[in-house]
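One chain, subunit A, links the two complexes that follow: it is found with subunit B in the first and with subunit C in the second.
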Partner chain A sequence: MLAPNSDLMLVYAAFAVLAMFVASGLAAALHRRKNVAFLIGLPLLVIDTALFLSVFAGGSSTTLLGIFGMYPFSTLFAALFMASGTLIYLISYRYSNDFTGFSALFGFMLVGVIGVAASTSLVTTVVGIELVALSTVFMIILDGKSRVEPAVKLFILGAIAISVLLFAVAMVFSYNPSLLLSGFTAPGLTTGSYILTLAIILFVAGFSFEASLFPFNLWVPDVYQGAPTNITAMLAGMNKKVAFVAIMTTFFVLLSKYSATFSPIFELLAILTMFFGNIMAFVQKDVKRLFAYSSISQAGYILIGIAVADSFGIEASIVQIAAHMFMIIGAFSIVLWLESRGLRSIDDYSGLGYRSKFAGISLSIFMLSMAGVPPLLGFTGKLLLFSSAVDKGMLILAGLGILNSFMSIYYYGKVIGSMYSKKGVGSGKLFANGYIIAAVAVCLAVVVLFGLYPGPIIHAASEASLSLFGM
Partner chain B sequence: MIPEFSIIFAALALGIVLAALLEKRFSYYIGIAATAIVLVVVLLIVAYEYVFGASVMAQTYAYIPQFGVHVSFIATPISTVLLTMTAVVLFAAALSSGKNGTSKGATVLMLLFGLAAIGLFSSSNLILFFIFWDVGVVATFFMISYMGSANRRSAALKFLVYSLGASAALLLGIILIYFGTPVHSFNIAYIISHGSLMPIGVQESIFVLLFVAFMIKMPIFPLHSWMADAYTESSTQGSMLISGVLSKFGAYGMLLLFLMMPIAAKYSTYILALAAISAFYAVLVAINQSDMKRLISYISMLDMSIILVGIASITVIGREGSIYGMLAHGLGIALLFLVAGSIEGMFGSRSIKFIRGVVEGSASAAYSFMLGIFSLTGVPLTVGFIADLLIFIGAFSAFGLYGLIPLGAILLAGGLLYLIVSRSIVNGRNGAEAPYLPTASQKAGYAVLLLFIFAFGMLPFILLKIIGS
Partner chain C sequence: MLQALPLLSVAPLIAAALIILAIHRDRAAKYIALAGSVLSLIIITVVALYYVGGTYRVSWFSLQGYSFNITTSVLPLNALLLALVGIVTPLIFLYSFGYMDTKSEQSRYYFEISLFAAAMMLFAISGNFITMFIAWEMLGITSYLLIGFWYAKKVVPDAARKAISTIIIGDILFLAAIIVLWSAYRTLNISALLSIAGSTVYLKVALAFILVAAFTKSAQFPFNEWLSDAMEGPTPVSAFLHSSTMVKAGVFLVAILLPLYVKAGMLMPILAIGLITAIIAVMNALSEHHIKKILAYSTMEDLALMFIALGFNAIFAAMLLFVVQTFYKALLFMSAGSIMKATGEENIYKTYNFGFKTNKLLYISTIIGVLSLAGIFPLGGFFGKLGIDTSASSMYIYVALVAIDFLSSVYIFRWLYLPSRKDSYLSSFGYRTVPRSMLAPIAILAVLVLASGLAYFMLPMYYAAMPKFSIGIIDPLIETALVLAGLGIAYILYSRGRATHVDASSMEYKLLHNSFFINAFYVYLLKGIELLGEGFDALNDAINSVINGGAYSFILLGNALKRIENGSINTYAIAFAAGIVFLVIVFAMNLIK
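This part shows the complex of A and B:
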């Protein structure tokens, strides 16, 4: 469908603003002007979020340069990633050791993110994922010498993931010599053939590294804990979601006719990932590690919708991705700020609710939302996910998902209980700075307001999901 | 038409916001004002339904249009009774907390809890029911962990784990109901009228899931172990609300479950047995308690088991009895916890061994306690009498003489409570000192609860006419 001119102008404008952001980041990095980079970069990101949102609201579809497909699915995710990118940028300004270098790399990373979201060919997807992974590695290194270990871990895993992915691409390519995602026919590749099964497993494995699915997620806690917390927020809030978007486009556009083959794989992975994340989170003492494991379990929930493999399931996954994006970025913003005040473990957090009402209330809301307590956005996502599974007849998957979301209450409750115990009350009040407050306020607003009135976000997700299946 | 529900929710929401924003010294009055408005409006609803015999409804806006879920409220006959109970207990809790004993957080949480309870009892679909259920759980969790006594942290966590375990089962059950109904729907009235059309297997799974969820919340043996800690470690107002109102979340749900799933009739005998075991268990454990609040907790569990007997009888009269039982239990148990709080203040201890001669210190506390016990054990003229009478008529007609077995537990409890009254409440002081006396606000709380205990006990036809319509 050809887009009307005004919509096309918006698309061009959105990409132009993104290019401006990249250029400004590079210029700032060369001149080492931290404040200028922030003052120019932040408005650009906000404008770009608004532009992608209005492209999404326009609802039309178009293709740019043959490799960027702008249709509701991609524009919704572009807008979501831009919004979360804005928040990451906001909290990084104060806490990044080398903000100008971060800005430059962040520009590249965003290009990769948008590339994956708007990808119409396997090349775009793979290159986008690689761009995201490499930028992240350098962002971590830039923070200081102590960060080399997590950066190297991430780099090696990223390299393995990309080689596995390319192997999978090669297998599929030999049957259907086109790299475009849509129009995949491959008559020689029948359901049940070994090549197909192998290709699917390799695709799953490659994406699983980035999406932190079991058993490819053993790196997650080390890297999350070792990386600077603003990068950790980015890893959990953006990088992981990028991998999910890549999974959706690859499996539901390219390999959509083989859903009977990959659905059980995702079902199994969803169950294992949920249990792994939740069980490991039980024994954590460090808050950052706890959130690392809890975000693994959230990846498991998101996978439920993908395992369901119909438009309702994807709709549910999209809502849950959006919900977790804002919950985890908000939570890590607070963790970032508290870390700079020397609070790291659950014990350090005791009495926090009295020392800072802001931290106590907002962290409680984020954790309750992650646990799926209504009327918060996390509940909406889980309700849809479990409903989609029940609708498809996957009762065991839904039951285990609900069991897991109940298990998670225990460790979230432990942190909340610690925050409202009287032990650490005497240690004096804590006051957050404006950047943290602003980022947390946005996340809170999304989590609470869309939790109270989820209609619009569900509608948007269903439009995006339908457009994905219409590709 | 007057927008009753809008007024109630607006009053509570405004109260929450004002209490959070204004200084601490206003909190007490904000709490009283908001709950008083709620009480007045709820009594107006009662009057309206008594006169016109029609349900008060409010429909506002689409919540999740894709699922056909609307934010709409309805005061059905059952919910009208529970709304009355909730409004009275809320008002009594707000009134009795006293100017000095009220903090900003306490008022906010109390009003939030009230909002959840009123929303839950009047919600017209299961999604709203679930949302308010969880809001109530979270508000209670903070009520315990923010204001409770020494062991509140573990009590609060235990409560949270049990309650959200119940919500997990509830959520799965609700989703199954949605996809099991012929036209996918969350609407409670629709499910009640079309529940029998569901396949038997689906009905059975739904019944088991929801039964466990509501059993935890009531609580019924063997899933009760969160209860004594939560009731005991809460502040006085917290105990009043949790025991009086939160336990009705489970009882109300149980009642709805028996209406929604006709398959329940198949299990009614087993459920009667479970309720009887639960009742006797509660009394036998209560005998061993030396902590005043723990003892009252188990008496509360006994009464919830009796309510389950009424529900399980699946007769109209038994059901009406259980609805009346919820009213009686809510008012009576709140009164007992309030007096127990005053007594703890008087003696500095909750141990029955140290409490001697309450009547010499404060006649009002002593006699209120006795009247509360009268109501809980079903002495005529109190609201508890009507409830027990109807429940056991229903149980007798459904199960014959076996239905009367749980009465034995009530008799045992009566004996136990009589001993406690004679040892601790009305006998001489024997040197034990009571330096503090109940405050005027606490006495006002007694008065409110007693007023309604006797009003609904002597004039049962008001609510029974509404229930019967």
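This part shows the complex of A and C:
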């Protein structure tokens, strides 16, 4: 498929802008010019978001270098990741200890992210994931010596995960030496191809680590809590979502024939992950840790669509990924700002709604959206997920999902209740700075407006999902 | 485009938005709220007069080829509820002017209550389950905020939490019912469902879920506990909650789906739960001391009576009580609020000097409300209760209903007599200073209560599908005799001061008052769930410490490693390995199959 020229130009432009961002980050890191990096980097990211969005809107498909595929699925995710990357860049400027170093690493990370989204080959996927993981480790360490522990945890466990993934790739290699995702032919599993079965298992395990699925996710709360909060926002808003994109491309393009085999596994993991996240969140006292567990449970919801394993399920997962991306980045932006004011635990948050109406209202909206209260975007995502499960006849999965989403209201309600209790009112008012306000405003706008009118986002997700299955 | 007019009746939503924009101006909030409610009353009047039968839909989003809409429909039942909400809302807001005189919290209060009113209006006009569910959720959340309005008081957050926990059960089931209906019939339009749904197992499951959801909203057994605790909210909120909004939502939901319940043969559970709740409510009302909680139990009883009527498929009787109860219950709650404001006392045994001499308007209005609740001819309550009684299908139920009527007459006259006792040592000055903004809605409601008997004649004209019941002679006589007997007994027991407190430690108090220990059951259930969460935490700790022990030798490796190898990383790696083993086992089992 050859795209019309203008679309191809847009694709090239998008990659060129990304390269410019990487270069500007590196240059800034060499010269230690924080302001310059920000002033050049932020517009580049905004432009790149717009470029990828317009490529997506063009709706064409093309392949670059044989290993990058630009088709609606990949361009939609590229645009989403660029948008969330912009937000993270925005909040990091003020709060990162070494912003120039962060910029340089962030450029590499974005290359990895786009690589995974646009991957048409297992090599691209694995290299992209590794690029993302390594950059993240160094971003955490950059913040200071106290961050060594979470960084090393992430590094060691990430190394295990990547080796497991590579092992799986090696097994696929024996059937498919080109390692391209599409056009993979292998014997059916029932005919005794245990090697492929093992490959599927290792893929599930490796990706489950990246996507923080139970029981491969015990490290998540420690790292989320230990990392600087802007990196935590990135971990929850981008890294995890990248893993889901990798799961989608690997399982629904490469291994699409075996969906009857892996679908029950994902169903089981979805149920376990939802329950683990929600039950652990019940007993948390620290807000950052609470959001860590809450995003684990959200990963469980997203997995519902993957377990459903048809185009409707993937469509639902895409909507939920987009929704959670903006909800969690918005929420962590506020947590980041409040942390710098010394507010960490749920008790510290008491009376917050009176000390800062901005924080109270926006954090409440994000949490209500995560709990799935209409008419917010989180509700749309969950509605789609549960209806896709019902449509496929997976009533138990849908039922447990609904149960979980109501369970979550309890702990979100606890935070909201604390924010609007009178205890902390005595301490003075809090005022956010422009970076936080801008990032939160964008997230709020997405969550509320697309919640009220979800038509465009559902349409986009359905186009992306159909194109994934058409690969 | 004029068809969109019903959607505009949610004008308080606009008011709520304006209030939150003007959040720093507490003084403007109440006028904005009142203006919004008056505007919606005007629109609702037009809608109820000229738009009955119309539907309107706005496309919301489409999914897998099906489009989901925000649909409004103005069936006669919708118009009825909409009109009730429209009339009561401005009165409640006006009453709040006087009642909510704390300076600082005005905008929050009017924001929340405007949103609440808008949610109820949206509920009243919703023509499909999506719209209805949105309104239903909005009702739940805003009622949680309103009940917990005075969160600084000690028991208030607990009461609000209890309300939301109960209501969430209903939310889950309502959503489950919607999903079942969708997967069975591929439509969520209510009037379409009424015509196409056959008596299948899907329908029965969905209706059962919806029934339980309605019971949670309308505080029916065993979900009745939150309603009396919800009295911790401000009095205008109670008056609103108990007259036309929130608790009526459940009754309305069942009423509008009644043809389906008849088709599915599921009237029996409605009747049974209604009877049980009515008995519990009357017993509690007889033993309660809190001036508002007596009325709360009375609401519970009225709602139960409506469910009983629905259980007899007597839609007219149910809707008649639905209408008349709105006015007298709003009136009585406003009276209770005025008495509380005048005396600063919530316990009726400690309230004195409420009488004709202390505040004429308030006293006469209150008596009108009390007589209507008790069921004196020709007030609305008389027709309402008569309708329920005459629809009884068996003699036993008739006797039970008549007994309930008698007992409710006793408790409501007790409610009136106890505060009316004289105590010349206590000042009665408070009654004279009840602000006009509180008295005006009370007087208007008293007039409405006086006129509400007309509903018996007007409803059938308005809604031809409701066959009127005939009054007869024997039934009214029995009812009147029992009401008068209740009045007499209450007079002897309470007005002349012979009855003192029911002792809180006595057996009969415990039995009457604890609703057969439903509350205690819930407390233990919740404890259990919390324990489960803590158990998981402890398990996590236990695993950690075991692994920590194993990893202790690594700590000697050096300072740099010491920070990292605190053991937990091993846990995670082991969990990773265990996860792979687990996956292998699951796959192997799948393959063997």
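As a convention for this text, the second predicted complex is superposed on the first by the 464 of 471 C-alpha atoms of A that agree within 3 Å, B and C clash if a C-alpha of one lies under 4 Å from a C-alpha of the other, contacts with A are read in each partner's own complex, and residues count from 1 in each chain.
The criterion applied here is as follows: contacts are C-beta pairs under 8 Å (C-beta built on N, C-alpha and C of every residue); 3 or more make two chains touch, one makes a residue touch a chain.
As the structure is a computational prediction, the values presented were derived from the model and not from experiment.
Of the two partner chains, neither subunit B nor subunit C is touched by A:Lys257. Of the two partner chains placed around the shared chain by superposition, neither subunit B nor subunit C is touched by A:Lys285. Contact with subunit B, but none with subunit C, is seen for A:Ala371 once the two complexes are overlaid on the shared chain. In the superposed model, A:Arg32 lies in contact with neither subunit B nor subunit C. Using the contact criterion defined above for the overlaid structures, shared-chain residue A:Phe216 touches subunit C, although it does not reach subunit B. In the superposition on chain A, A:Gly413 contacts both subunit B and subunit C.
With both complexes placed on chain A, subunit A has more residues touched by C than by the other of subunit B and subunit C.
By the touch criterion defined above, A:Leu202 reaches subunit C but does not reach subunit B. When both complexes are overlaid on chain A, the residue A:Leu268 reaches subunit C alone and has no touch with subunit B. Comparing the two complexes, residues 368, 373-375, 380, 386-387, 390-391, 398-399, 402-403, 406, 409, 413, 417, 420-421, 453-455, 458 of subunit A contact subunit B in one case and subunit C in the other.
Residues of subunit A touching subunit B in their complex: 368, 371, 373-375, 379-380, 383, 386-387, 390-391, 398-399, 402-403, 405-406, 409-410, 413-414, 416-417, 420-421, 453-455, 458-459, 462. Those residues of subunit B that touch subunit A in the shared complex are 62-67, 127, 130-131, 134-135, 137-138, 141-142, 145-146, 153, 156-157, 160-161, 164-165, 167-169, 171-172, 175-176, 178-179.
The part of subunit C that touches subunit A in the complex is made up of residues 23, 60-64, 133-134, 137, 141, 148, 151-152, 157, 161, 164, 168, 171-172, 175-176, 179, 182-183, 530, 532-534, 536-537, 540, 563-564, 566, 568-569, 571-573, 575-576, 578-580, 582-584, 586-587, 590-591. Remark: subunit A residues 148-149, 152-153, 156-157, 160-161, 164, 189-190, 197-198, 200-202, 204-205, 208-209, 215-216, 218-219, 222, 261, 264-265, 268, 279-280, 282-283, 312, 357, 368, 373-375, 380, 384, 386-387, 390-391, 398-399, 402-403, 406, 409, 413, 417, 420-422, 453-455, 458 touch subunit C in the complex.
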